[in-house]
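Here chain A shows up in two complexes: once beside chain B, once beside chain C.
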Partner chain A sequence: MADIAHQERRAAGSSPVRSVKAGNGRSTHIASRNRSIALIFLLPAVVILFATTIYPMLYALWLSFRNYDLSKPFIPRIFVGVTNYAEVLSSWPFLHALVTTFKLMAMTLSVQLVLGVGIALLVTQKLPGMAVVRTLLLIPMMISPVIVGLVWLFLYFPELGYLNYFLSVVGIGPIGWITTTDWALTAIAIADIWQWTPFFMMGTAAALQSLSPEPYEAAKIDGNSRWDVFRYVTLPQLKPVIVSLLFLRAIDAFKIYDIIFVLTKGGPADATEVLSLYIYRQSFTFWRMGVGAAASFVSLIIITVLITYFFRSMQRSQAALAR
Partner chain B sequence: MKHLGRSILAMGMAALFSGSALAQDKPFAGVELKMLGIGDTSVTRVAPLVGEFEAETGIKVHIDQLPYPGLIDKIIVEASSDSPTYQLLWTDSPWVGLLGEAGALEDLTGRAKRDAAEIGLDDIIPIQLQENTWQGKLLAFPASGMTWMQQYRADLFENADEQKNFKAKYGYDLGPAKTWKEYRDIAEFFTRKKGEMAGGKPLENDLYGASQSYSRVQGAITHDYFPFMRSFGGDYWDPQTGLCAMTGEPHIKAAEYMKELIPFNPPDYLGLMWDIQSGFMERGEAAQAAYWSVRSVRLTNPEEAIVAKTGKVGFAANPISDAGPQPTYTGTLGFAINSKSPDKEKDAAWEFIKWATSEKLMRRFADEGKGVSQFRKSILSDAKLQEKYPYYKVLLDSQVNARRRIFHPFYQAVEENFGVELSKYMAGETATAKEALETACNAVNSQLSIFPVEQRVRWIQDVPAEVLGD
Partner chain C sequence: MTSSAREKTLVYLLIGIVLLVFMTPIYLILVSSLKPSAVMFSRPPAFIFTPTLQHYYDLFTMRPFHLQILNSLVVALGSTAFSLVVGTMAAYAISRIKNKRINDVAFWILSMRMFPPIAVVVPYYIIFKSIGLLDTPLALIIVYSTFNIPLTVWLMKGFFDEVPEALEEAAQIDGHGVVATFFHVTLPLTAPGLAVAAVFCFIFSWNEFLFALMLTGSKAQTVTVAVMSFWSSDAVQWGRIMAGSFVVLIPGVIFVLTCQRWLVQGLTMGSVKG
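What follows is the complex of A and B.
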């Protein structure tokens, strides 16, 4: 049959190569038209992304190499090389803010992880009303951090706060939640834990519901305890999800700003001055936009390096597990 | 028809002339102004009356009221814009150097001189005008004047039992403190727990011996440290180099003294921003406070302060240290004009400033019991008003020999660095006052040292206000 077709084509003066070329031409034309349409559809998104993300980022990078003080136009806005970066990296307040940020991350992420996984195990039980409980538990996550800050401000408020009132009923306190250096960071951590534990709960609950039942049945037949089942069956299967959730939360926690700004503005003293507050102070209190921009890029590099390191570690440990 | 035609012509002419008369009466009719202001007495008293100003002049004024923290940020952003939204800007006197050097504020010298009689320039306490100058130019007009003074619970101080017990314990008569040592003794004496007796009555809440600002927010602690520093004989700058010089003996003594007062303050002292701090006096939960007079009027108004109903507040000049009497720091909250506004709007804004700060309006506020902290001699020296507002006399007397507050273009660096370092010292995180002050001063000087000495020295010169000349 192929021969007949070949002969027919030859008779008609056309070669198979030429036919394929013709077909390719049509498909190339269609592909090119599709590409144009796709580009037209993508254009608004690209323009918005460029205007709101890429351009400001490039502008901030440009700023970070300049002596730019918004409140003092009489200071020449000249190129200063890496001076701003050197100032940031050698400044004690920056290092203090970096340490405070990591302290806060350690406090919040550890508690959120444990609580989130625990609550997820609870709400995935086949009990009546769990769907409603799950929905209710998600509410804190849906509230704007500024509102969360204001809610906790009412609770923590030194003189009129509800928290100290309830503690006084049981004979405790008053505690200077946001006005003493001993408590302020803990108070911020509590508010953050309240808001973001549902994130771990939601992610872990979704993962739990998708786990295959066979290993559990096998473990049951083997007579394992519930703790053993959790430790040797559930936890290993949850690990990739938990690590992913930790990454996402770590990135977010590294940038924490709103709640602190509302509750303490970095105080008392410098007890809650995290990196984002340090950047804010440089940029919008001292108006040293160049130094603020340099600090932003330093913090971007730090978080990128850390996340890359953890991500690679996770990949290595998973590869080892697979072997 | 002829009559009808004449009538129409006459009506038309009348309308035309009345229109032109209206235009002469209200040359700025139809102009709309926006003001970036604070949500505190200097603005809240005026804001409800802008309709009256519009009826008089045809100028519509819209006032946006914001809290003090963050207000300067918005003003700086506004000042850096080439097409400003706000023609009128509320200012605190320490901002004048920063905004003045940046060219953000219109020079009001010419207008003030031109309208001297109308605005009663002679009636304004000179230091209040000086406070609003930069390099001799008047850049804002006083809307509320203040000094740092003592407020104390006169009802407790005048109680016979309290007087007897105080004398038995300290060996001298109880009265408004004349020295900082006395102030400390009084603070210790009146620090009592809920349920204990004070002034012959059981306390419903804890009573604190003093209420001072120790919060770093917006440099509250810095601005309260400065008057202590002044009364201990300290100053801001080295006159030779123009660099920060707040590390000497008077500066250290002042910081140590503030720390000494902590046990007699509310336990959340590090969170005491001005409004929270003054709240303790307003609720009658503090025996005394050294504080700016800007909110003193609230302490005599039962609608704004419980203490006006349950007790009585007295006022006195600053106590002195072993350095002897020192000129106290004063301050002014003012109204300014954005230099980038169009000329017609600038002129309309000046009309508003004249009206909002006029003797007539200030007297009306005082008569109605909701006065602002005054800056006019005629009002502060009025015997009837002095009786009604006991702080008026103190305010008037203390300004004779007052000195203006910090006015440097880098005041924010001072405010913020000293705010953080002083509050760290108060919290016990920095071991000594010397260390805290040196860290703060070094941070300020690291920014200043790149400028030539002549420029730095020019920035610390308090050039006499041209408007006060002649």
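What follows is the complex of A and C.
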């Protein structure tokens, strides 16, 4: 509120005479004219996004009802009804990919959340050097996922990788990180956790630094233990931010592709075949574009549910801010 | 919160471990890119060695890496410029028209960024093939703009919301047109936002891999695909991979070191304020 009042004062201060002269009628007239011009400003973005995203999606929808199999060029690409969908939804590989996607999501999000909040609590301590630490920890997020995949491949590499060497020094291993079905998904989760824990750290640290100190002082005076203060004072205030961060990461985790493509390409066997890898394999390994498109649509529906829930919570928190 | 010296030591110790874990892979990229192939995997790891620029030299002589850097620059700059123009205009509209319907449009635009790329890569492939845009930078500029426009819209909307409307009205009463007011009053006030949006668009385009892999061949290949392609040659060229990786991660690192305070807004699409 103070902020708005300040802005109004600033605006009025810049042209005191004019705002008196303007009067109410005229400024609302200008405002309404501005609105119609603003609509024209909106048009290019809407048209372009429609052409570049809705059109390909409709194309994918059309494709998903066709027998579009590039490995069999002599079979006519006819309308096959819901055959592709029936195959996708009843096939074991698709369901397995769906389960693997959510399994990986659960593994990465839970560890990232706990580690990220923990690190945020450390780096928001008022101690020298913390600003530098906070900055350095942001770097992994800005690295291309392919590069993240490659450096972890370097670490995991069978026989040569340094990770097993360092583990052997402390008497563990050797572990077949990307070569065994037991470890491959964990190996991918570790690379993803390395890249995106900073995301939770960054969001939580930003929220922690904007908290008002008063409840803490009250809690301290009341003689509460540090854990109680965190549990009953800090955590409830962090909740909206953490929910936002979780949604954003969940939406991203659902799309995970690059790191898996580099590290395991979905293997060994199908241990790391998440939805995007399943779609990739159907479309570009088996050339069954129709089946790939049907699977794409099923995944679009799932992500739409996620996005809708995220928007609801975002609108709610925006409304809460406005109040 | 920290009171005693023992606690301080504990905090620094924990932070030391965290830094070790999170910085080691980045350190490895740099060091391995300078390591002679002979000691690349030596046991114990060679901490002291004579650094060599051989891998960087190979990158540009045995591979057309400079052309791939050029491709990436053209694609990233092209998409950034286009997204900035279109996205900024839309953001201005969304910020100034305040009603329920425009909110729905805003969320629709945002949702375009969140759909899984793999789901639309097949249609893009077929469409671009039929209009002859496959393996051209233009194809990637178009595709990346579908991600960068929503990002620009949401970042810039936040900045436009901060510019008081009374300021614009004053300029218009002075006789400036709506467009002139936008360019001479509003836009200069949101210049930091433009810079941030530009850098984000650039980095996301520069780092992108999936579309670049599927929609380009040898002509329009970008850096991420090029680095990945060193892997598929008969023998894995780790030195070259690491040298290429280091080149690819430079823009992102510079970004973090120069404008980290905008990262929060950019990466959370404005849902968390920094």
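The definition used in the following text is that the second predicted complex is superposed on the first by the 252 of 323 C-alpha atoms of A that agree within 3 Å, B and C clash if a C-alpha of one lies under 4 Å from a C-alpha of the other, contacts with A are read in each partner's own complex, and residues count from 1 in each chain.
Just so we're on the same page, a contact is a pair of C-beta atoms (placed from the backbone, for glycine too) under 8 Å apart; a residue touches a chain by one contact, two chains touch by 3 or more.
Only a predicted model underlies this, so the values are computations on that prediction, with no experimental measurement involved.
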A:Ala218 in the overlay: touching chain B, chain C, both, or neither? Say first, second, both or neither. neither
Is A:Val151 touching anything from chain B or chain C once the two structures are fitted on A? First, second, both or neither. second
Identify the partner contact of A:Tyr165: answer first if only chain B is touched, second if only chain C is, both if each is, neither if none is. second
Per the contact definition in the header, classify A:Val99: touching chain B only (first), chain C only (second), both, or neither. neither
Of the two partner chains, chain B (first) and chain C (second), which one does A:Val305 touch, if any: first, second, both, or neither? neither
Comparison of chain B and chain C by chain A residues contacted: C
Quick one: is A:Val82 in contact with chain B, with chain C, with both, or with neither? Answer first, second, both or neither. neither
Which of the two partners, first being chain B and second being chain C, lies in contact with A:Val114: first, second, both, or neither? neither
Do chain B and chain C land on any of the same chain A residues, and which? 284
Contacting residues of chain A [partner chain B, same complex]: 70-74, 93, 158-159, 174, 176, 178-181, 265-271, 281, 284-287
So in the complex, the part of chain C that touches chain A is made up of which residues? 1-2, 8, 11-12, 14-15, 18-19, 21-23, 25-26, 28-29, 32, 41, 43-45, 86-87, 89-90, 92-94, 96-97, 102-103, 105, 107, 109-112, 114-124, 126-127, 142-143, 145-146, 149-150, 153, 162, 164-170, 172-174, 178-179, 203, 206-210, 214, 224, 227-228, 231, 238, 241-242, 245, 248-249, 252-253, 255-257, 260, 263-264, 267-269, 271-274
Can you check the complex and tell me which residues of chain B touch chain A? 69, 73, 76-77, 79-80, 98, 101-103, 215-217, 266-272, 276, 279, 409, 412-413, 416, 420, 423-424, 426-429, 447
Provide the residue numbers of chain A that touch chain C in the complex, in ascending order. 7-8, 10-12, 14-15, 18-19, 21-22, 26-27, 30-31, 33-35, 37-42, 44-46, 48-49, 52-53, 55-57, 59-60, 63, 119, 122-123, 125-127, 133-148, 150-155, 160, 162, 165, 194, 197-199, 202-203, 206-207, 210, 226, 241, 244-245, 248, 251, 254-255, 257-258, 261-262, 275-276, 279-280, 283-284, 289, 292-293, 296-297, 299-300, 303-304, 307, 311, 314-315, 317
